[in-house]
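Note that subunit A is present in both complexes that follow, paired respectively with subunit B and with subunit C.
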Partner chain A sequence: MIVLEPWETRRAWLDWASPLIAIALTLVGGGLMFWVLGQSPLEALRIFFIQPLTSVYGVSELLLKATPLILIGIGLSLGFRAGVWNIGAEGQLVMGGVTAGAVALALYEVESIWVIPAMMLAGIAGGMLWGAIPALLKTRFNTNEILSSLMLTYVAGLFLSLMVHGPLKDPDGYNFPESRLFHDAALMPTLFEQGRAHIGFVMALIIAPVAAFLLSRHVLGFQLRVQGVAPNAARFAGFSSKRLVWLSFLLGGALAGLAGMMEVSGSVGQLVPIISPGYGFTAIIVAFLGRLNPLGVVPAGLLMALSYMGGEAAQIELGLPNAVTGVFQGMLLFFLLSTAVISDYRIRWRARV
Partner chain B sequence: MMDLGFLIPALQSIIIASTPLVFTALGEVVTERAGVLNLGVEGMMIMGAVVGFACVIAGFSPFTAFVFAALAGLGMALLFGIMTLLLYANAVATGLALTLFGLGLSALVGSQFVGLSAGAFPKVSIPVLSDLPVVGPLLFGHDALVYVSLALVVALIWFFKHTRAGLIVRAVGDDHDAAHAIGYNVIAIRMGAVLFGGAMAGLGGAYLSVVQTPLFIENMTAGRGWIALALVVFASWRPGRVLLGAYLFGGISIIQLHVQGFGIAIPSQILSMLPYLATIVVLTVISARAAQQGAPRSLGKTFKVTR
Partner chain C sequence: MQVTKWMAAGVAALMSVSALAADPLKIGFVYVGPVSDGGWTYEHNVGRLAVEEAYGDKVETTFVESVSEGPDSERVITQLAQSHDMVFTTSFGFMNPTVKVAKRFPNVKFEHATGFKRADNVATYGSRFYEGRAVIGTVAGEMTKTNIIGYIASFPIPEVVRGINAAYLAAKQVNPDVKMKIVWVNTWFDPGKEGDAAKALIDQGADVLMQHTDSGAPMQIAEQQGIYAFGQASDMKTFGPNAQLTGIIDDWAPYYVQQVGKALDGTWSNTDTWGGFNTGMVALAPFGDAVPAELQARALEIRDNIANGNLHPFTGPINKQDGSPWLADGEVADDGTLLGMNFYVEGIDGSLPQ
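Moving on, here comes the complex of A and B:
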């Protein structure tokens, strides 16, 4: 019978090989899916994964979509390390978007370079506030944070809808559930002439190594890691697990809120009923694909951004439903989790006793 | 005498709104009693919803549609079981993967069903009894699945209390090492419980798309799988209380519609938040009491065969 034995000494290369194997398996699975849908697998995969990258505009859009994924993925990877399951990043993103959007509308007449920083602070505050609720419930009442943070995501979506149907609706918008278009001063400065990629991507590239440093060198990062691997050891060492829950949720919420601000300011340019195509959930996959390492999250975010682009390309070129993106993403997470077994365990054959 | 005319349809719609939760949460009770926390309920449910709906559209009988929906949920659960029980993958993350994959795949399959309806689902009609005033429509006028769900509650109460198999499932969930030492095959028993949970979630999802709406819309479970997970905690892992909890939540979601009907000026979004907020409040109240009464003691712990 096949048995799994823990490695006596871990093989570092397997840690990095397993995501690559997972990606390869996803490509095979994706090809199979395209074949079932009546497409030529190779051609469809080319359109899905390569074509979006063949223009400056495409690359710019890729960076635009990767920005929120990387930001949120960084926050989640810190929390997941400690076994704090913040599943509600999508809600924290939405709340960050609403608060940042409200600031943009309040400062509608103001033309100052301080509008963007004010919106960022508002977005971070909104995301942190929404992340603080599950943290409070978890630390005070032991409420399962997975369920509370997820339920709050639905509440956040409805709150956004309430806002764009009511207080933040464009007064001259013919009653459409949308806010006014933001003033130029409230739009993220772009990186290129073409496309919407903005300086948020650069910020994400700066935040990633900072978070990696926090995790690997700072005492808080050490506590997060110990809490995740050996909760009992963390307790004996006197680490406050409540503090780590708060830290995970506030950091995760802040980064998700910032991502929400960037979505409304850099991607949409106004408040609309839906401001994110599920970035908060996809970022969960990004965190795992990056092996819960903030530096690994960067390429992982780019790859997942590509899956959104690929879905759009497949929709336009092949007439396939946009949902193929979701299938790809789900498949990738499955393969990631099941291939993680090879880096953790040695697979051996042993005669039945 | 009070006019009960409006109350009867309201109660009927509560039962219809609750039945998907009853099926799904009962399945998860069995899964968790065996010590496995499957967070992929939402994904299994939506797959049941799309497969059940597809079967009805393809012209299969309702019975066949529900069988295939249960199989769809079971297939998803099998994936979860293989990954967590055999490959020791992280159960929380695998559950999320199941949900994300299920939502994506169902949207892909369901994109061809836009604008189609499964048509009205037949209700049971018992001569004389169903025609009784008040009692007739309340007790004898539902579709067959409602009665199946109620029978399932009774069956599971009996299963856990009075059968050897129920005792074994509980033993595996409470102390997998002890159960293993006595000679029970922990992995196989857990796999069985996971598969049962998946099949029930599939039925719950299909009830939603085939009976309740009867449409298929992308993402139509709208968090019901997660609410079912919360219900299991609310019910302290007891099938009888699951029924109570599910009807309570069904009630909240229906009251929300009726409040709007009465012309009370509360924005619809705030009313729509109620089921989610109620879930959080109830979960918090339950969790604040003595630590997780009735939770299987090995819940969520990975069992590794050592020899």
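Moving on, here comes the complex of A and C:
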């Protein structure tokens, strides 16, 4: 029979290799899928993964799409390390978008370089506030944070809907559920002439090593890691698990809220009923693809963003259905989880006893 | 020197020849749902196929489906604009992205469905679905036994509010006791939510369902529960062979064929089209067996009267929900008020989400 045994000593290289193996297996599986769909596998993979990168516009859009995934992924990986399952980053993103958007509209036509920082602070505050609710429920009433954070996502979506149908609705918009278009000072400064990539990506590149440092070198990071691996040891060492729950949710909420601010200010330029195509959920895959390491989350976010854009390219160039994007992401997650097993355990044959 | 000149001339000649050999007009379509939704997007795709049918190899079409109305739409529209001559964006939420992208691609023609913002290269189009609502409202008012019509609504935008009012007024005319119960699902396409809304309405006593969402789920629930419903955007008989009384069909084919024709012969301009029964853009699905022949005849008569202009679904006297007068006796609503409609008419319960 097949037996899974934990490695006596962890193989560090497997930590890095397993996501790469998963990506390779996904490429093989994806190639097979294209072949079954009657496409040339290599050509299809080229269109899916390379074509979006062949223009400045494509690269710019890739960075735009990766930015929220990376920011949220960093926040989630900190919490997941501590075994705090914040599944509601999507809601925290939406709340951050609403609060940042409200600030932009309140400062309508105010031309100042401080509009963007004010929006960022508002977005962070909105995300933190929304993250604080499951944290409070968890620490006060021991409520399961997976359920409470997930369900609050839908509340946030409805709140956004309420706002764009009500107080934040464009007064000249024929009652359509949208805010005014933000004025220029409330739009994120862009990086290139073409496309919408903005300074948020640079901020994500700065935040990632800071978070990695926090996790690997700072005492708080140490506490987070111990809490995740050995909660009893953490308690014995006198670490406050409540404090770590709060820390995880507030950090996760802050980064998701910041991502929400960047979406409304950088990608959309107004508040609309839907400001995220599910970044908060996709970022969960990104966090695991990056092996819950803030530095690993950066390439993971870029890859996941690429898979979305590849799906669009595959539709335009090859006439394939949109479902291929979902199939790709599903395969990636599947192979990722299975290779994670291999990196944590060794597989042996043993005769039945 | 001479040689490079010749070469340059040759290349230019080759290029102009290939242009003359008529590169097909490349047309892109952006869909908000999957082409298999059996409703809104399905019908837009039927329109796309009609364009291919009509113009053969003079056109080449592409579509991108399930494009979220959020930030992704701008990129999809841009990508299509880079390689296409004409782009149809087929949901209200694509309005601002369409206008933004159109500014950057002045040589590409854009057509946006159901919006109100135009530009030199952006035309808009929509259908007077409320005309169809007036017909199905009549049928619903006659068919209901519990006197409760359930209405699954998407977003409280004028187009949807207009449909609710038109259906209610028509139902009320043939059945003064009729009540309308409305559930807002805040989505265009979500079979799960739409199905739940249908169940909730049936629990509240509704025995006829109408929907302003795109999936066949409510029709399936109606079929299971043995009640009636109306197809939305497309003939949904396959979802409810016994349940479907009739349906409002959005037929985009005539419009798409006409606009692409204009683009081909160079007469395209940034028009605003709002067509109804008279243009063929709104049509009725075949009646179900449950609808008595006499009622079928009456429904068709209403349709014909609307088509030839003898009847307007919004003809006074009509009061607003709060009792204040809107239209005096015999007065007909103007298009401006209809396009911005943000109030219920008198007799509808509940408040409009604001």
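In this section, the second predicted complex is superposed on the first by the 348 of 353 C-alpha atoms of A that agree within 3 Å, B and C clash if a C-alpha of one lies under 4 Å from a C-alpha of the other, contacts with A are read in each partner's own complex, and residues count from 1 in each chain.
Basically, a contact is a pair of C-beta atoms (placed from the backbone, for glycine too) under 8 Å apart; a residue touches a chain by one contact, two chains touch by 3 or more.
Model, not experiment: these values are computed from the prediction.
When both complexes are superposed on subunit A, subunit B and subunit C occupy overlapping space and clash.
Of the two partner chains placed by superposition, only subunit B is touched by A:Phe334; subunit C is not. Of the two partners, subunit B and subunit C, it is B that touches more residues of subunit A.
When the shared chain is aligned, no partner comes close enough to touch A:Asn86: not subunit B, not subunit C.
Once the two complexes are laid over each other on the shared chain, residue contacts for A:Leu158 go to subunit B and to subunit C alike.
Judged by the touch definition given at the top, the superposed model places A:Leu150 against subunit B, while subunit C stays out of reach. Touch criterion met: A:Pro321 reaches subunit B and subunit C at once.
Once the two complexes are overlaid on the shared chain, A:Ile285 sits against subunit B while remaining clear of subunit C.
In the superposition on chain A, A:Phe176 contacts subunit C only, with no contact to subunit B.
In the superposition on chain A, A:Thr139 contacts neither subunit B nor subunit C. When the two complexes are overlaid on their common chain A, residue A:Glu312 makes contact with subunit C while staying clear of subunit B. Within subunit A, the residues touched by subunit B in the first complex and by subunit C in the second are 158, 161-162, 165-166, 321. Listing the residues of subunit B that touch subunit A in their complex gives 39, 79, 83, 87-90, 92-94, 96-97, 100-105, 107-108, 111, 218, 222-223, 226-227, 229-230, 233, 267, 269-270, 272-273, 276-277, 279-280, 283-284, 287-288, 291-292, 304-305, 307. Across the complex, subunit C meets subunit A through its residues 28, 34-35, 62-66, 68-72, 74-76, 78-80, 82-83, 92-93, 96, 100, 116, 155-158, 186, 339-342, 353-354. Interface residues of subunit A, counted against subunit C in their complex, comprise 57, 61, 64-65, 157-158, 161-162, 165-166, 174-178, 181, 196, 263, 267-270, 272-277, 308-309, 312-313, 315-316, 319, 321-322. Those residues of subunit A whose C-beta lies close enough to touch subunit B in the complex are 3-4, 85, 87, 137, 140-144, 146-148, 150-152, 154-155, 158-159, 161-162, 165-166, 281-282, 284-285, 288, 321, 323-331, 333-334, 337-338, 340-341, 344-345, 353.
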